[in-house]
């Protein structure tokens, strides 16, 4: 899609330096790779969204009438797998992170450009395998692959889906590895740790999880595939194995994986809030450290997905209390963002509207997490729509809002074009309203007891009203997601050319042309200022932070 | 695994790559990258060690019985072989550092010979297990094998099968790493032969060496855990 | 149960409602009050460590209260009262098979008396299921290969939904049923309907059909331990460990006799893996359990049990392994 | 990492190599002794010593002037420990009081 971009400005930049398919497929430029990722994850986002739409349509009526039970099971399975492994996990890191991490720290590229390209190819191979799996029958285990259903009972393409996700994991690992090395080794002179934008801190924390968590789920999927192919017994109780071991290993990654999705989004929102309230972030070091704390504590809480699974009650106590420990840094972040607004000079541009949306939805998602970590309540609401609503508030309301906010914020930098502001504000509003209409009723559904992954609720017609509301919301939400897609595409050709720093923002990435030249900076930056020095910009002491040649 | 080989490609040009400011920066980045990759590898094996630990504690007697049927002498020999190969790796780097081309190339070749020997011995072991029907699957047979210390108590074949599953997956994954390592070292040998490495620049050797040593360390743990559960 | 959970839920609703309100009001107020106005620059504030500590420690304190409360509710929900009525549950794709200790069998329907504690001893024949009764705020996964236990006490007559809450395949959403809570009198009437006798009696029959009594004799001469009065008691094992003879232990002893051998006995018992169905296993467990109940409850002394405390190796009662 | 020009003395390499071989031999022999529960402890202690020798001397972790590499190693081991320890928190107490993974 990016090859279609018209040459926006006369200056040579990363988009117009080379032309042709080959110049994209063999590029090692982190900005071009980011666009490769953008195209591919957008593709998967709409596939996953299409599945979601079918799920919601099926649930419009209590009876199972739109699709067959098996089809429905495949729909929610592949919705989850596609959205999590092929959209959310790569979304912000591989697109915005890839584009911005080197620029924000004043580097010419990531430390290992070829590995960066390799990670996209690995992602592409995994994606093709996943597509092949979906087109030739799909998989119906739920995205969680619980054994022994996945290893001994499902007769769908578990092995193929497992391998696809296994492979995609390496793409994620390589991205994380590249970020950590880049952040450690490639910072521009003067870019000390305490001057790093909080976006970088968030990506650093994300990378830790990608590096240390992903391999565990990878090997677990290998075991599932081996178990399914050879009946080894590792997870099969009939052969002496313990199915809960699978759950432990799976959630060891898959709980922290939530933080892979939300942490980068927090980073994006931090940048946006600072820029549009023209302020230093309140409590910089606390926000930075809370990212690391979330990454570390995120590894200690996984079994809160298993409170009714048959684990030891004593272990459940430990995991419950640790789950509250991870809630504290999240709360700290929310308070700091709110405090940043205090005495700011706040503008309501589209990115800021998404950031506000993020704040509200993440707060609600986070607070409902407190319900789920409370052992006594967890028993009732786990595996119901309450959980569905909770994690959509975090992963869609939080992560996706942040992603969209970030796309709007940096779109002028990425493409050199401005998107239509009015449409963008409208889209932000539609997404916010549609989202709440879709998912808020699901909290109530869950507490009333509607289990997740139910295809047919004809014996419980009392659930219909809330389901209808939810489906109506999903339709609105769908429109809200299509809009940005359309005006972004439109703006690539017809949008007004963007100035280098349309938001008068403070980050290093804004001190270079839009779109940036291939090696990001025309002269090598030397950093002499703190992050978020909006006072200096606004008081006119410096029009923009000075870049020393 | 592809990672490590391509991390070498990044630096295969002795000239400084465009996006690094100094050679020092480039070398430090490669080094750090490899160490972090090894962290990933630790967690990769870590999932297996976790499964192993839990089943070993749950089914200790069966694991002990199954472990006894593997040839510990071969396993011990393989440990020694790998240790020797680690030595030749450091000697090869020393050769590069001190401009002793013969030492460098000779030691690289020796490392690969040791690596191949390891895989050969591993193959002999696998062959034995195959002949004894100890390979998990339809032909698996572990009937009437007594539990160590209790001659009248037979090990549970299902639990023994879990042991052998873990044995084959863990050693198999390790062997896969050895094969990747041999690939890396073939390339290093080629590059060394071409005279790419100098006392000033031999980062690929160091990074490849880190990988090789890590594979050695994994085996250092696998050997007692799999072969020596209960041998008295 | 429902009351406890709801109380905590309401508490959480209030706490999180206040928190949400606080954030929302602050955000909306700041956004309006400090909107961009020409000539009024933002005021730069670095941050405040006391403030950071305040809003870390206070939430942490609140969280600990929630944790403790949640843990208490959870513990109550996980610990069946001693004298509960027992129901054996076997889940399979895609139905619930329930068997009362008294012998009544039901499918997808469970009749229980109001006000009585009901303990569910559950296992699955195939994949993981989850026994979920929203009205009782009670849920427990049902696993293949072992027992999980749950309990509830219904306080109002009526019919309540029973759901499978763990995804289990094609007809997952069809694996539903109902809990029928009846007045005691009605329940007695229902119970007196056709039954083949108590579950333990079927268990006794299976016990003798499989020839278990040749070794597990009711004296000290058997090749296997005497099972009288074993259930619920600690058992000394050959390797020096001690276990309590609970449902899972009896189950394991039948299916994997070599795993935990009672002190003083030889590992001579063959496995019954694949030879007994889940229902037969339940019956056997109920039977072994019944051998202890006579002495325990001080009721009718059915058998002159040779209940010996856990030291005596020779006549250690337990499933011989 | 900074002083690569100064190569480690060969003596160290050969000494470490010899120590590793001795360690392997010791592990093998110790396994034949009946030490009860301590067999595993002895085996793992020797293995860890060997792993440390390889990491510190062959992988030059000891000389690494930067603390960063040590931090990478330590944090990896920490997370591995978390995986094992918290899993065991479940398995160790799941059938309590019938749990005897530790005895």
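Chains: A, B, C and D, in written order; residue numbering restarts at 1 for each.
In the analysis below, contacts are C-beta pairs under 8 Å (C-beta built on N, C-alpha and C of every residue); 3 or more make two chains touch, one makes a residue touch a chain.
Quick caveat: nothing in here was measured; it's all calculated off a predicted structure.
K.L.:
Strictly by the touch rule at the top, which chains does subunit A share as contacts with subunit B?
P.N.:
A chain counts here if it touches both subunit A and subunit B, which gives C, D.
K.L.:
Which chain's C-alpha centroid is most distant from that of subunit C?
P.N.:
It is B.
K.L.:
Higher C-beta contact count, A-D or B-C?
P.N.:
A-D
K.L.:
Can you check how far apart subunit C and subunit D are, centre to centre, with Cα atoms defining each centre and the answer in Å?
P.N.:
Computed value for the inter-centroid distance: 41 Å.
K.L.:
What is the distance, in whole Å, between the centres of subunit A and subunit C, each centre taken as the mean of its C-alpha atoms?
P.N.:
37
K.L.:
Averaged over CA atoms, how far is the centre of subunit B from the centre of subunit C? Could you give it in whole Å?
P.N.:
Centre-to-centre distance between subunit B and subunit C: 44 Å.
K.L.:
Residues of subunit D that contact two or more other chains, please.
P.N.:
68, 75-76, 79, 83, 87, 91, 95
K.L.:
Note the residues in subunit C that touch 2 or more other chains, in rising order.
P.N.:
256
K.L.:
Which parts of subunit A, given as residue numbers and ranges, touch two or more other chains?
P.N.:
Residues 184, 212, 216, 240, 244-245, 248, 252, 310, 313.
K.L.:
Quick check on the complex: what are the subunit D residues that touch subunit B?
P.N.:
That would be residues 1-2, 4-5, 7-8, 10, 13-14, 16-17, 20-21, 24-25, 27-28, 31-35, 39-40, 43-44, 46-47, 50-51, 54-55, 57-59, 66, 68-69, 72-73, 75-77, 79-80, 83-84, 87-88, 91, 101 of subunit D.
K.L.:
Under the stated contact criterion, what part of subunit B meets subunit A in this complex?
P.N.:
Against subunit A, the touching part of subunit B is residues 2-3, 6-7, 9-10, 18-20, 25, 28-29, 32-33, 36-37, 39-41, 43-48, 50-51, 54-55, 58-59, 136-137, 156, 158-159, 161-162, 165-166, 169.
K.L.:
Which bits of subunit C are touching subunit B when the two form their complex?
P.N.:
Touch list, subunit C to subunit B: 256, 258-259, 261, 266-268.
K.L.:
Within the complex, which stretch of subunit A touches subunit B?
P.N.:
Counting only subunit A, the residues touching subunit B are 107-115, 118, 170, 173-174, 177-178, 180-181, 184-186, 211-216, 218-220, 222-223, 226, 230-234, 239-242, 245, 248-249, 252, 519.
K.L.:
Which of the residues in subunit D come into contact with subunit A in the complex?
P.N.:
On the subunit D side, the touching residues are 68, 75-76, 79, 82-83, 86-87, 89-96, 99.
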